[in-house]
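Shared chain: chain A. Partners: chain B in the first complex, chain C in the second.
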Partner chain A sequence: MAIIETRSLTKAYPRVVALDQLTLQVDPGVIGLVGANGAGKSTMIKVLLGLLAPTSGEVRVLGIDPVTRGHEVRARVGYMPEHDCLPPDMIAAEFVTHMARMSGLPKTVARERASEALRHVGLYEERYRQIGGYSTGMKQRVKLAQALVHDPDLLLLDEPTNGLDPAGRDAMLNLIHRIGNEFGISVVVCSHLLGEVERICDSLVAIEAGRLLRADRIESMTTGTDVLAIEVAEGTEALAEALAAKGIQPRLDQRALLVPLSNEDTYDVVLRTVADLDLPLHRLEQRHHRVAELFATEREASNVG
Partner chain B sequence: MTTLDLTGVSRWYGNVVAINDITMSLGPGVTGLLGPNGAGKTTLLHMMAGFLAPSRGEVTLDKEPTWRHPEIYRHLGLVSEREAAHGFLTGWEFVYASAKLHGLADPKGAAKRALELVEMTESQNRRLSTYSKGMRQRTRVAAALVHDPGVLLLDEPFNGMDPRQRLHMMELLHDLGDEGRTVLFSSHILEEVEQVSGTVQVIVAGRLAASGDFRTIRRLMTHRPHVFAIVSSDDRRLAVALMASDSVAGVSLGGEGLVVHAGDYGTFTRELPRIALAQGIRVRRLTPSDESLESVFSYLVAA
Partner chain C sequence: MSADGAVQNSVIHDIGYQRYDGPRLSRGYAARSLFVHGLRASFGLGRSAKAKIFPWIIIGIVSAIALIVAVVRAQGGETDIGYQDLPQVASFLILIFLAVVAPELVSRDLRNHLLPLYFSRPVGRVDYVLAKLGALVVAAWLILAGPQLLIFVASAFGGADFLGELKDLLGGFAMAAMYAVLFGTVSLLIASLASRRAFAAGAIAAVYLISLPVVAVVMALGSETARQIAPMASPFMLPEGIREWIWGNGGDIDVGSYGPAYGVVGLLLPAICVLLLLLRYRRVSL
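And then the complex of A and B:
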């Protein structure tokens, strides 16, 4: 069953149309929601949570209509906002317990669930400290914990890696991947970092100016091209000449040589040429399409092929 | 005016040492400034820009100290992390004001050129408050470039930008470096740094952990075996053949192909084609698994 379904969903503000006849169907899994700033992602999230009524069209979240049954949707959906929204003078364990009680859990269960959720996101002894003294990475974890605390079926994460340094990003991405795959919770991740989306998501929904730009599985957006990239640690020019002499015309792209992958024999010819010249082979790889091509300018696109 | 030199620079705040004895030299081209949160990147950028005095050591721009030397601002531009721009100004007014503050002979022409460079001419008459983050950021770059400086420093220029704006900013930085300017930018998104420039300065806990091309840095970590992923027509047989080589420290068969730990990079990369050919095995893919900036960075931070 689709976790999110919309049919000609439109949300018009007095001066702009944020969502324009948007029709899409999202299957369970980890889904990346991408789009330019102002493409309508935030509006979309608010509509999905039942916090904003659409101007026209239909929307279903987990089969429920958030417009009329917003409470039921929010009981089954966890939301992690992008902006800094945590009370600095509260203790994390208390805050998450409070959020659990807001979702309708009784006091003792709320406390247990809060402690469990904080442990899942990797906050142990720190959870008894005030949130104001937390680092950005710890705050992001608290935001994620409160989204998880009522055991939702769907998580909406808005820019979960914002402001994190490389180690923090890596930890957050692994966590999201685990939630999606081990806990069996569907996750919608809004992100501007397409590399990130490629890494953790199963599918992707791209919206532009309130319309659907593309919705597809990640695999089908990163299929192989008929270009083979070869990198040698030294002697790139000699290799280029030797390949040209064998009738394979290479093209230089930064440090890689690109050759057309006409048939399987190309692999052997390349390997033979490298071995004959006694060059250190660093990389031999079929080029793949990248999600970033969705947004690439003409100049970028010409570099891909 | 394009060489920025730091000699034995330290900076402390009370008992806290933010920057600890850093010596580096930045020349024309694009360099990425990397480090975990709190490593001291912003402190370093501010000392380079002459906003902050080094507690010890010296920061010089072509032999002139940057601290207490306003003349350097004729040759240096800074885009700070905080979005300090007045929303009630139009893009044009903002860049034009910057040109006038620099006392340029032809402020109108300079502002026009700078806005063209960042491709903001079309929207220059709208107020900054109506701009998207990426447009505002580009306008701030224009204001920092209006006096045609040889050195441009940017603190987290990609923050909050969407995919298209990121690509655009990457192209812009790339072009500025190609023009012979010294461009230094800090960022947490290592894939992007990798795309803009291979040259990095890595700061860990206030110290310079490494500098130069990250691929060269990786080669210098000789104590770490190089990891390669291989997909071939007969992975198991290739694994056996590779194991016989001295340059290979270990081989494991995974779900998709082979993972090889090579002790000696030079020997392994030369031997692999020969071994595969001798066995009649077709190599479909050979990729280095820990050569990306991401893995080099994590090795540096962990070390």
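And then the complex of A and C:
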């Protein structure tokens, strides 16, 4: 069953269209929702939580319509906001317990699960300390714990690595990966850093200016799409034109030309073309595709189209 | 708490994540929990020692007043302070209490950006407003009703006319409720507009304290009609006006034939405040 389903989902504000005819279907797992700041990620989260009614289109979260049954959706979803949202003068364990009760957990269960949630995010020893004395990394973990405490079926994490140092980022990403794989909870990770989320996600949804760029599983984005990087000392443009004439669409990446490595012939064609033009070849290498490059091609394509 | 901690600490081995399939209680439970949480916070319970200072000083003073009244009565002396007079006598103390506690309940959540965590849960905006308001009003009422009960117990043991005293006590409870509702709704509305606690407290005190001399000046300079209408504009005098209208013993306030108008204002003011509070929280986004 798809955990998130939208059909022609549109949210228009008086001046901007935040979500534009978004149609997607997301399977359980760890999902990266990527896009630049202002691409519509926050609007998307609010719509998914049922806190914002879409202008048109349909949306289902865990099979429930958040527009009409928002309370039910919010009972089964955990949300971790991007910005600071913790009371500094409260003890972490008490705060998470309070939030568990706000999600409908009975008093004693709330206390137990708060301790558990804090243990899972690695704050068991420190749980009776005031939040104000925590480091940024620890606060980020408390935010995750309060989203996790009521055992949701879906977690919505908004920029969970915000403000963390590299080590903290890695720890947070590993934790999210564990939640998705060991805890059996689906996670949507919103981020503007594609390189970061692609490591831990099963699938990616990329949006730009409210429109869907691409939504797919990571494997299908990276398999069979390696590229060949060609670097010549001079005549890069001439080579690009010649390659284009032979039906290979090159893309300029700094000083190198990138061509999709669709089959074995590509090598021969490239070499022959370089030889014909009599260009000094510096480098010819096969690169593994980073998802970021895929999106770059998509974006160029959509800009042209 | 300590027993709990001992049990939890004894679990050393790492059991993996466990799903929860126990009961998930209703929105009503969440709202009730929020109300109790707010009521406790009003008295600084579950908070630092610093947060307890103000509420308990106020409770101490109001109780001391009640104690003096009880002692004077027990010795057969006459006091001007009856059950229904206590709220007015303590009105400044209640104001200080609300100026401290109302921001504690709502401004704190605004300042710490806690609302997204609440509103992304089953508990809704209306639940939030009503729970916080309920906590504040009940806290203010308890601060008055507790000492009133103290006077009653002392009088009852002193062999006074039990039923008569009980009737007076209930009248006193009603006055306390009137003060709690009128003061509480206005204070919470003001506090909900300021995210800094100090600003909120100052604004609450200002609204109350400024209206008082303005009304006093209008009463002193105006015609008889003005003198009878003006007290409506001061939250300090409005409840006394209503009391004059209902019980006819509202101290020094002359409401003339405008009694029903006091009643209407007394109902409309809290109603409008609640409405504005609901509107204010509808605008809060994540």
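Basically, the second predicted complex is superposed on the first by the 230 of 305 C-alpha atoms of A that agree within 3 Å, B and C clash if a C-alpha of one lies under 4 Å from a C-alpha of the other, contacts with A are read in each partner's own complex, and residues count from 1 in each chain.
The working rule: contacts are C-beta pairs under 8 Å (C-beta built on N, C-alpha and C of every residue); 3 or more make two chains touch, one makes a residue touch a chain.
Note that the coordinates shown come from a computational prediction; the quantities given were computed from them, not determined experimentally.
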Which of chain B and chain C A:38 touches, first, second, both or neither: first
Touched partner set for A:164, first chain B, second chain C, both or neither: first
Partner chain(s) touched by A:132 [first = chain B, second = chain C, both, neither]: neither
Contacts of A:63 with chain B and chain C, given as first, second, both or neither: neither
Residue numbers on chain A that touch chain C, as the complex places them: 42, 45-46, 49, 51, 71, 74-75, 77, 79, 81, 83-89, 94, 98-99, 101-107, 109, 111-113, 115-116, 120, 128, 146, 150-151, 179, 182-184
Residue ranges of chain B touching chain A (in the complex, touch as defined): 34-37, 132-134, 160-168, 171, 188-191, 265-266, 269-270, 272-274, 276-277, 282-288, 291, 294, 297-298, 301
List of chain A residues in touch with chain B within their complex: 34-39, 135-137, 162, 164-170, 192-195, 233, 264, 267-268, 271-272, 274-275, 278-286, 292, 294-297, 299-300
In the complex, chain C residues that touch chain A: 4-5, 8, 16-20, 22-27, 29-30, 33-34, 37, 46-48, 51, 108-109, 112-114, 116-124, 285-286
